Structure formats: C-alpha cells, structure tokens
C-alpha cells in the first residue's frame, strides 16, 4: 500500500483546474447527464459501439478490444491539448483509444474509429448524451405532471380570480390554472415522444466510401450504420446529416420546449407566491445573505431563469445550422455547447419541477381574499365549476394518454 | 356618378403613409400571404367563421351577416388608432364588424365576436395566415425539391472534390452535394406535414364560460370550437393555449427549418458560384450600382440573408413563450410580429428557391478543374460513383415518399 | 379639372398593397421616422448630399440637379422590382435619380451616385434615419426623464416596501424606485450622447479609387467624404466600414438600451398597477374585447413587449456583423431590417414613455397598505428617508448634468 | 509527514466530478481568467476588499481578517449545495468566510459581508473578473493589432482582387484587406478603453441603509462604496445598478465586439486559406481524424465559431436586463453565465488571434494568380497603390494613437 498520494489519486482532474464546476449554475448538480464527463462517456460508448458494429460486419469478435476502451483510462489533459490543436476532441480521443486497443489486443488498433470522421463520433455522442439526459428529463417531467394532476384535481373547485395583463379579469379556478401548466408539461412530453435520435455515420465527406473500402464491398456503410444504431439504441436515419442539421434543431426544439414550459410555471408560481398574492407557497425556500427573514421562492426563480436562457441558445443552434460544404468552417463547432446547454437547461428544469411541484401548497384563504377584491367579477359559480371540471379532466386525460399511470 | 375622387378611392391607404412597403425587404413581393392585408383578411375570416359556427350551434342562419363582414369595408385608420389605445387590433375590428353586421341585419351585432376574447381571434388569425402562407411555401418547396431531384440525378456521376473546413477533403460527386440540399428540403416538408394548426377559443380567461352562457348550456364552448375549426379548416386542439405557446413554437420551428435549409443552399450556391470556384452559375443574376460588369448571385445571397435572420426571430418567439397569468403583460404582444416574420422568411425563401434552383447550371469543366487541384485525393472512381448512386437515390426516394410525382 | 380619379391620386401607394401598415404593431404610428418612406427620404437626402459634396469638390453648382432629385418623384414599384433583381434598392434608385437629374439638367446624370457603391448610400441612409429617429427619441426620453424627476422628488418621502425575488424585502421609498427608472433613462441618454453617426463612403470595394479617378486626383475620396458628412450633419469616420460593422453595432446598442431601460419601467409599472398591488395607476388605459370593465395598463404592456423584442434584433445585428470579403454574401443584407427595427422600438418606446410617465399617479394609501403587510420590515424611518433623499438627488443630478433644464 | 493522502490532496475538486473541464470548448484553456476558479477568486477578492473598506471607514485594522479569507480554504462542495438552496453562491460563501474570519480573529465575523447583499458581491465579482479577463484580452488584441500593422504595411503594395457578394469586384491590395481587419481590432480596443467597470454596493434593496446603520451615520454607504472601488481598482458609479443593467450591457457589448471583430477575421482567413484560393496560409494547422493529409485552418475556424456564438449570448444578456422590483425573480440569475460566456469568448478569441496573426503568411503568387482571373478588372495600378497607402497608414495611425509603440 502506498504511503503517499499517488498520481492516480485525482489524475483525471488535472485539466479541470480551470474548468467550470458549477459556481455560476445553481442547478448544475441536477444535470450531471450533460457534464463533460457524461459527454466523454458518450464519446467512448460511441467508439465502442462502432467497434462492435465493425465486429458484426466483419464477423470478428472485438469484445476484448471494446472492453479495453474505458473512459477511466482516458487522459483528459491530452484530449484538451489535442482539441486545441485539431479543433475537435475526437482526434486525440481516437488516438488514445487506438493505443488502449493495441495494448489489450495487439493489431486491433486499426478497427478503432475505422472509416469514420470526427463529426460522426461527436454528433452521435451528443445525440446519445441528449437521449440519455432527455430520458431522465422525461421521467422527471412525468413526475412533475403527476403532481400537477393531483393539484389540478384537488383545486378543481377552488374558485380564483384569473388575471390578464396584470388585471383581475374573470372568475376561474386554481384547477384551471394548474391544468394550463399541465398542458405545457404534456406538450413537452409529446415533443419528446416524437423526437428522433439518429446516429451520424458518413465518413470524411459523407459518402461512407472509407467504410465500403475497409469492408471490401459497396454499401457496407449502410450496414455498419444500422448496426451502429442498434448497438446504441439510436435511430438509423438512412442518411448522413453532417450539414443538414434538422436532427440537431429537433433536439434543440424539444429541449427548449421543456425549459419554456417549466419556465412559465416558475414565473406563475413566483408571482402567486408573492407577499401580496400569497396564493401558493413552496415547500422549500431559500434565504438571503442580507435578509435572513426572507423566504425566497428559489426553485421558481431558477425555473424562470432557465426559461429566460432558452432563447439565446436556440438562436445559436439556428445560426450554427446554416452550414456549408461537406463540413463548415465554424458553424458546426458553434453548435456543440449550445445544444448541450439546451439539453442541460431542460434536464435541470425538469428536475427542479419534479421537486418543487409536489411540495407546492395552495392557500385557499388567500385565493378567496384576492378573488373578493373584485366582487363585480363574481360570476355564476356553477358555470365556472362546470367549465373547470371539463378543463381539468381534459388536461389530465391528455397527460395520461401519453403516460398511463399503473394500476395497483 | 361622382365627378371627383371620392373618399373611397384609396381610403384604406391613409394610415399606410408611414408603413413598410418593402424598401428594406428585397423579397417582400414574394410574401404577400403574410402582409398586413393578409393578416387582416385572416382576422375577418376568423370572425366570419366564428359567426357561422355560432349560427350552426344556435340553428340560426347568419350567412347574410357573415357576408356583410367584408375586409374591404374595414377602416384601417380606425384599426390602428384602436390598436394604439387597446394594445390589440381586434378590439376596434370587432367594433367595426359589429357595425357592419348591424347595418346588414339589424340586431345581428350581438353574434359578432360573441363569447371570445381578442387573443382567440388574433391567435387563430395568425395560425390561419401561417397555414395559408406555409401551404404556398410547401408548394414552392416541392418545386424546389423537384429541381434538386433532377439536378442530383443528372450530376450523380459528376466527380467533384468535397471540402471540409474550407479545405479539399476527399472525392465525392456534385450529386451527393445536391442530395444533401434535397435532404434539407425534405426535412422541411416533413416538418410541415407534421405541423398542427389549431384554432384558439377560450374566451376572456380560457374557461369558455361566456360561450357556455350565451349558448345556454355547459360544454357549448367545446362544440363551438369544433365548428369554428371546421369552418377554417384548422385543427380543434380540444383545449386552450392562450399561455401554453407550444403551437406557436411549432409553427416557428417549421418556418425556421425552411429558412435554415434554404439558407444553407443559398450559402453553398453563393460559394460555388464564386469567381474562383465557378462550379455553379445562376440563371438570373443581379448587377451592381458601382460595378456594372458584376453578375451577383442575388438569389443565393438573399436566401443566405433570410437564413441569417431566422435565429433572432426564433429567439423572440421563445422569449415570448415564457407566459404568465391567463394572458401576460407583454410577452404575447411580443410574439405577433416575430411569428409572422418567420413565416414570411420561410415563404420568401421557398419562393426564391423554387425560382433559383431550376435555373442553376453546373460547369462540369470547372468542377473537374477544381478536383484536379488535389490529385492525391483522386480515389477509386467506381467506389465513389457507387456511393453517390446510393446517396442520390436514397435522398430522391425520401423526398418522393412525401411528395409522389404524378404519372403522366 | 379631372372628372375622375387620376393615376396621381395615390400612385406611390401601389406597391404598398401588400405592405405592413401597422396592423401587428400597436405603436407603429409613433415611429414614422423609421418607416420605409423615412428611409426612402434618407436615401434621397444621401444622394443629394453626395451630389452637393461633388459640386463643392469640383467647384460646380449642382443645386438645380439636387433640387430635381425629389422623393415624391420616386416610383416605388420600380424600386421594389429593381431591389428584387439586384438585391438592394439603391441600384434602381440611383437610376431613377439619374433620370430625374438628366431631365432637369441634361448631362448632369453622371454626377449622380458618382464613384460610390450601393452600400455607401444605404449604410449612410440607415445611419441618417437612425440619427433622426434617435434625436426624436432623445427628446422624448428627456421628457420621460423630466416626468421621472418630478415623480421621484414628489415621492421621495413616500415609504414603500421594496421587493426582491417577488418577496417583501426591506423598507424603501417610491422615490428610490423611480430614481432607479430615471437612472435607466439617463444611461440611455448617455449612450445617445456618445453615439457616433458616421457616413459611409468607400466605393466599389472600399478603396475610394473611383472617386479619386473621377475627381482627377489621389485623395479626393477623403475630401468628398468630409464634405458628404458635413452636408448630412454626420461624422466623417476617416475610414470605410463596409465590413467593420462596429458603427452599426453601436447604433444597435444605443437603441437597445433605450428599449431595455423603458421595457423595465413598463414591467415595473404593469406590476405596480396590478389589481392586488395598486400602487400606481396609468392615466390612460385600454379596454378589452371580452371584458369591458377592464382597465389594462396598455402603455406599460407595450413598453414591456418592446423590451422583450430587443434581444432577438440585437442577436441578428451581431450575426450580420460577422462579415466577409469587401462585402459579404448575405450578412449585410440581413442587417438592414434588424437595425431599423431596433431604432423603431427605441423611438416607439420613448414616445410611449413620454406619454405614460407624466400621467402616472401614485396611490399612497395602497403603497402604505402593502408596506403594512410586513410590519417586521418597518425599519428606522429617518434612515430610510435620508437614504432616499440622497439617492433621488443623485439620480436627478446625473440626469440634469446631461440635460440641463433651462432657467426661466 | 502524513503517510496517506490528506484531505488537502484534491479536496476542492470533489464537486467538480461532473463539471465542464473543457471537452466541448477547444479554446477553454486560453480563458482561465473566466473559469469558475477565477470567479471564485474574484468573489473572495471582493469580500476582502469590502472588509478592508470597512476597516478604513471604521478606522480598524482588519488586515489579519482579510488575510484569513483565502480562496484555497473555500469548500466548493458546500458552495454548490448552498447555491442550490439559496439560488446564489454568495450566501454559503459569506458563511464560510465569516467562519474563516472568526477562526483567525474571534469576533471579526460581523465585519464580513457587512451591510451588503449577495448581488453586491456577485455583480462586483463578475465585473472584476471581466475587468481582469478583458485586460488580458486587451494585451492580446494589441499583439494581434501589431501583427496586422506589420502585415498591412508589408502587403500595402500587393495588388489583389477584392470580392463582393463572392464575385471578383475590383482591384485592391492585400494591405487594404488587412487594414480593414486592423480597424476591427482598433474598434474593439476603443470599446475597451471606454468601458466603465463599476462596483455594485447597495445592500438589501439598494438604499445602503444597512451600511449607514452599521457605520452609525447617514451617507456612510457612499464612503464605503468609494473605498470598496478603490480597493478593487474599479469605478465608483455613485449609484446602485441592481436593476439598471447598463453596466452589464456595456461589458457585454465590448466583449461581443471583440468576438465579432475577430470572428470576421477568422472567416476571411479561413476563406483566403481555402484550397482554391490559397492567398493566406496559417502557421499552425490541424489534422483530421479521417483525413490525415488535411491541413485545417483550425484557429480561423475557432475564431469564426466564437464569432457565431456571440449573438445568442448577447441576446440572453439583453433578455436578462429587463429587470423588475429591487431584484427580479429570474432575470438576474439568467445574466451570470451569459455575461461570463461573452467575456470568455472575447478572451479566447483575442488569445487565438494573437497567436494566429503573427504566423499568417501571404502567398503573393496565389494572390496574383487569382487577380489574373479577372483581367478586365486590372485598373490603374498607381491609383490603387496610392489609395492602399492612404488606407493602410490611416488604419495604422488609428491603431497606434490608441496604443503607442514604445521607442527603443
């Protein structure tokens, strides 16, 4: 047993000294599926899946080689240095993986990263990362939606004032407002359900020729792509999308919808929790460095902040989609962080919503007190309740048709 | 007959004196389906459809009333004045339409705009306008796609150098590049095919109570919405989306995809038509005020410019989607022009692409001359052609599966 | 006298049929300095100023020629057609102006648009339009600021609760809040005061050679640019900025700051005018198509909406600034409408603020009622008032140092 | 000496496990002044400066306390946990610093973070970080500018074709093009020179009352702010800008200008280094995972990518500037990462430009070969050279007036 700290104690961290560990991102901890380590894991998984697909195509057992390609063996500092030189982390990564392969099974290095280009690996890894993160976001959204179902149903008959342009407008119920939030969650889930997550495989300029040549027959690239997709649980798009970025835009749109739908809930909740309004209160609240008495609706604030950050990232992903040639001179590189950023915001927000919403409580007395400020707007109670019932049950059905609750 | 110009000669134009008639929008002429007149037409159509739906619901024949609600009777100056006061043009429009109805059929005014709120009418009108404009954009996209099919097939065996990061990268064909453009068009058509175009109908705060009350029975609002949607050929969403803006975001995303896919083609074409490259030339080119000799690839430039304008508008639509209350105090208003702007860019670009692409011609000698600059990259010709054949036919099939060409 | 409407009754309007006359822009009427007609006027003014500068340079009297170049003689339909063909309205405009010149003074056409390129004229015209519109915006901002000075001073001792993250936080005064709004207005005025408004003059590719050649001596382009700037009251930048867009970005930033500073005031006012809060009320309010009882804070809502629209336009101007070559293939074209849009939002918002703020009234009883909701936060009254006095007088001095009020 | 790894071996890294260490940011290594560690350093420096300013104000020697507040004593995991709870890292940081102070000098904890709010500390720290990073960016920009001066002067007489809209347009020189790049650098330096970097100090709701109370006299907050600013080398703004975000927007605009000016150079260089153009070559180039022969202009590509990322971040900073109350419920939180991101892009790009530009070389034969493609555009050589000389010397003078080169 070593008597002093070995180099292995925290070797992978050395390049991290000047990284971002979450200081300016209060929700960062909830989005580990989108961290650089998560992306690195996805990159290695992609190279491994490619290797296995090659094994299947060639009828060779490359499992031992794949097993040797382990994320914890990756030298991150070398990745960063190589990324600075080549503009993309896949070049140094492929070199490292080839060395790991050769060490495990001499002569196997040629199978690693065979026939593909950096963009094949990085695009597929970002899709894989997005798929994993959005799958978790989906689970959290379902939890958030279930909390909203419960809340909408329990407040279906709680008469409340509805406000438009900041003014008391007409009688409604708390249930109707919550059903509107639920609609946003359901729409986001719909978008996730419709989302395609394709692999990228085209080789240097998208023709797949290198794969064909290495496999020794025309059309092998289509087979390899199908196997590659199957290994990763992603879709085989049947084509190359190096410069046709609609798959990226679709992921961005789905993630943006999550951030936006939950940002709106955050904004509504932060308002309804205002001191003068007091209709909602959050289970957990934050303090203040200057005002220890305060109970800040931190979760609602952070949901709102994430919602506000969506638009700029969506803009960047669209700017980046204006591609050129067989790979553009800057646009592709501009996409990576923005796409990851959107997925991260979505996951963070879903996580917060799933925590915040079940703990939300309604102060019916406050609701009634606010409603009473506009006695002229007190309409026919039965009509409002009938409408509320229909709206809540419609929203619940729409949510549950996507996400059937299990029977006991 | 009057002996001098009557007020009616061009009255509608008076408020227009300081409008935007296209001076800074070279493609404005191609997007009349998105003009203020088009939106006004949609607003009136929406009010008319609502009236007819009421007629059906109540079993009354309101056709004569609907016929009296004519766009050419609308006083635009009054609309603008009322819009400044109330923040939305629907309030003065509904007043004018009520007066037209009363003039035609005394007592009928109460049926106009009955039970609805401004947002019901404006949201539905923007969806209707978008639907009309995007339908025309779809036709133009199909025409653009057919031109690309022809070009991809005719250049399937034209060996060409493919470039990545601006550098010669590997051998490909012109057909492969064109197939990539076609993929973008097909993806945009896919997005259009999947696009839902829902009516909005919720009344003051989304509960539909006013409709129920006017109809004299609970649930009438659901019936009215179904009839309203049927009248307009739009979808009945079965719910209200006043503050759940996923339908707007979906329209924005589809329009953005058109502008982006065609912007990328514009950028590629502008590059390939460069003096030094010369691989493509455009049928029609523009001159220059300073350099009469020049043949500017104006269509490609304008496609690129439209593509560049997409991101900012998409950002605005997302910022606007962060709603509040039963109608927010600014976000909804911020959405209108940006959403219309995206639809306009899409239609303009589709129009230009449908004109530009069939007239595009390839200079095979230039393609070969450029390819010859990198003799080391001259790979196995047969392999490249085989790959090209597969890629082109895949792209063509993908396009045609959506848009079957008629047999003669 | 004609017995029937002549073609001249409204000829300029024909191309406008499908233009935007303000239907989706409730504040459009306040921004006529940014309309297409205003831009056209600026374009003609720019060509006229160039002509006069040529006259000075050559020692020729071209006043009669300049006088013939009248905006009301411009055929807008021809401009639009030419703009579609050439991608820029200056080419057809220069042709029309040359014809007008030739008609007035045969042989004078060669002096029109001499030695310059479309971008010289359009860039300068947009700067001129921006300068005019922002000058008016400045006046309106000063008026808005004066209203805020009066309000801050009159409410300097009105104790109020200050809110952070939506929660009651600590005791302050209405005056402090208003001083914060005033600070935003002053910052915007500062930005306007520092704004450079340069002419553009570089000829085809920025070297000014054509001017030198036409003038018959090297360096004439520098003289012409100085004279051109003097004619227009703009700055001579001493250089060409065809592809170095910092002047556009500076205009965009100043306009954005106006829209943002006033958007924030709009948001605060809309909140403080909420039914439950009631601390402020607006002089003029709007109705609702569904809820005639409502008093919507329309001006505050529209200020907020304009504020929300700033970000997307700023994004577009930045995307457009990533130029290329001596004139890029799309980026420049993408800038025009976004830059104009920002200036328009700024002017509209300044106009609304100058109207809304003097009519704003404070309900001190409501302020006190809200403050009383948090009795624990009632701090030392004297300390708060002392701080309020300092903050208000600092904000007023900062405003007045820029904008001294005249003594009687 | 310890025989096993101590807690100090890598304790600070534990929360970092899922952070971003640069995998998707090839230039991250050049921007350590903007890392989370750099921000943490700035936060601690700010708290220390505040403590010293308190010492001066109170006439107490707090140096020993300040010395105890060391960044390397900060428990990052605790910061992250506290940030998640309270929404801002300053609350747990202040608690940790108080404990460090108490440990060093019992009873001194009350002086730490005295009278201020989280926003005072975080805003000031971000300004301080921005100031440091932009100071380094400035040095790198000067180096980049000096390289451009040398290049513009050496290529002042190298005739070249100038291109507009992708087409050969007219004769110019390489020097003129480079002078245009230099103009961008000078404009960015100008913006930096004009940039104000103010401290933030307002206490809970901006009135500074807590400082006054702790100091025992009205107006102490103004003195403390002046001392605080002097300690940090920042500006005393004489006011609070918690919700008047023009200082943030100014930093964003300056950083954006750097990223944009250098992005444009990157785009031009990437084009001019294209295989067919070949007018420029980069000293260092990158390889390709699929095409080992390639020499990718990585630096130019990454400059372009950074330029493309500016717009979205600028949009977010503007959305975040639409504030509310005495601190908004989300907007402020949305600003942090975007503002840091812009500063980071600026520093990264300045770093790359300072490396890339001195190593850029011109292939005059290629320049001449391309020019010869348009023999009709070969104008009067003397006129072009005269214009080139004036333009280059003007650009050099403009740069040097800001940044005088030392005499030997």
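Should a chain be cited, it is by its letter among A, B, C and D, assigned in written order, with residues numbered from 1 in that chain.
By definition in this document, a contact is a pair of C-beta atoms (placed from the backbone, for glycine too) under 8 Å apart; a residue touches a chain by one contact, two chains touch by 3 or more.
The structure presented is a predicted model; accordingly, all values stated were derived computationally and were not measured.
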Could you let me know which interface, A-C or C-D, is made of more C-beta pairs in contact?
-> C-D
Chain whose average C-alpha position is farthest from subunit B's own | D
Subunit C and subunit D, separation of their C-alpha mean positions in angstrom | 29
Cα-centroid distance, subunit A relative to subunit C, in whole angstrom | 39
Residues of subunit B engaged with two or more neighbouring chains | 87, 163-166, 169-170, 204, 263, 267, 270-271, 288, 291, 296-298, 301, 304, 307-308, 311-312, 314-316, 319, 329
Quick one: in the complex, what on subunit B touches subunit D?
-> 161, 163-170, 270-271, 273-277, 288, 291, 293-298, 301, 311-312, 315, 319, 370, 373-374, 376-377
Can you list the subunit B residues touching subunit C in their complex?
-> 3-6, 9-10, 13, 15-32, 35-40, 76, 79-81, 83-91, 94, 113, 115-118, 121, 203-204, 210, 263, 266-267, 270-271, 284, 286-291, 296-298, 300-309, 311-316, 319-320, 329-331, 333-334, 336-338, 340
Partner subunit A, residues of subunit B touching it in the complex = 87, 162-166, 169-172, 176-177, 180, 183-184, 187-188, 191, 194, 204-209, 212-213, 218-219, 221-222, 238-246, 249, 253, 256-257, 260-261, 263-264, 267-268, 271, 304, 307-308, 310-312, 314-316, 318-319, 321-329, 379-380, 383-384, 386-388, 390-391, 394-395, 398
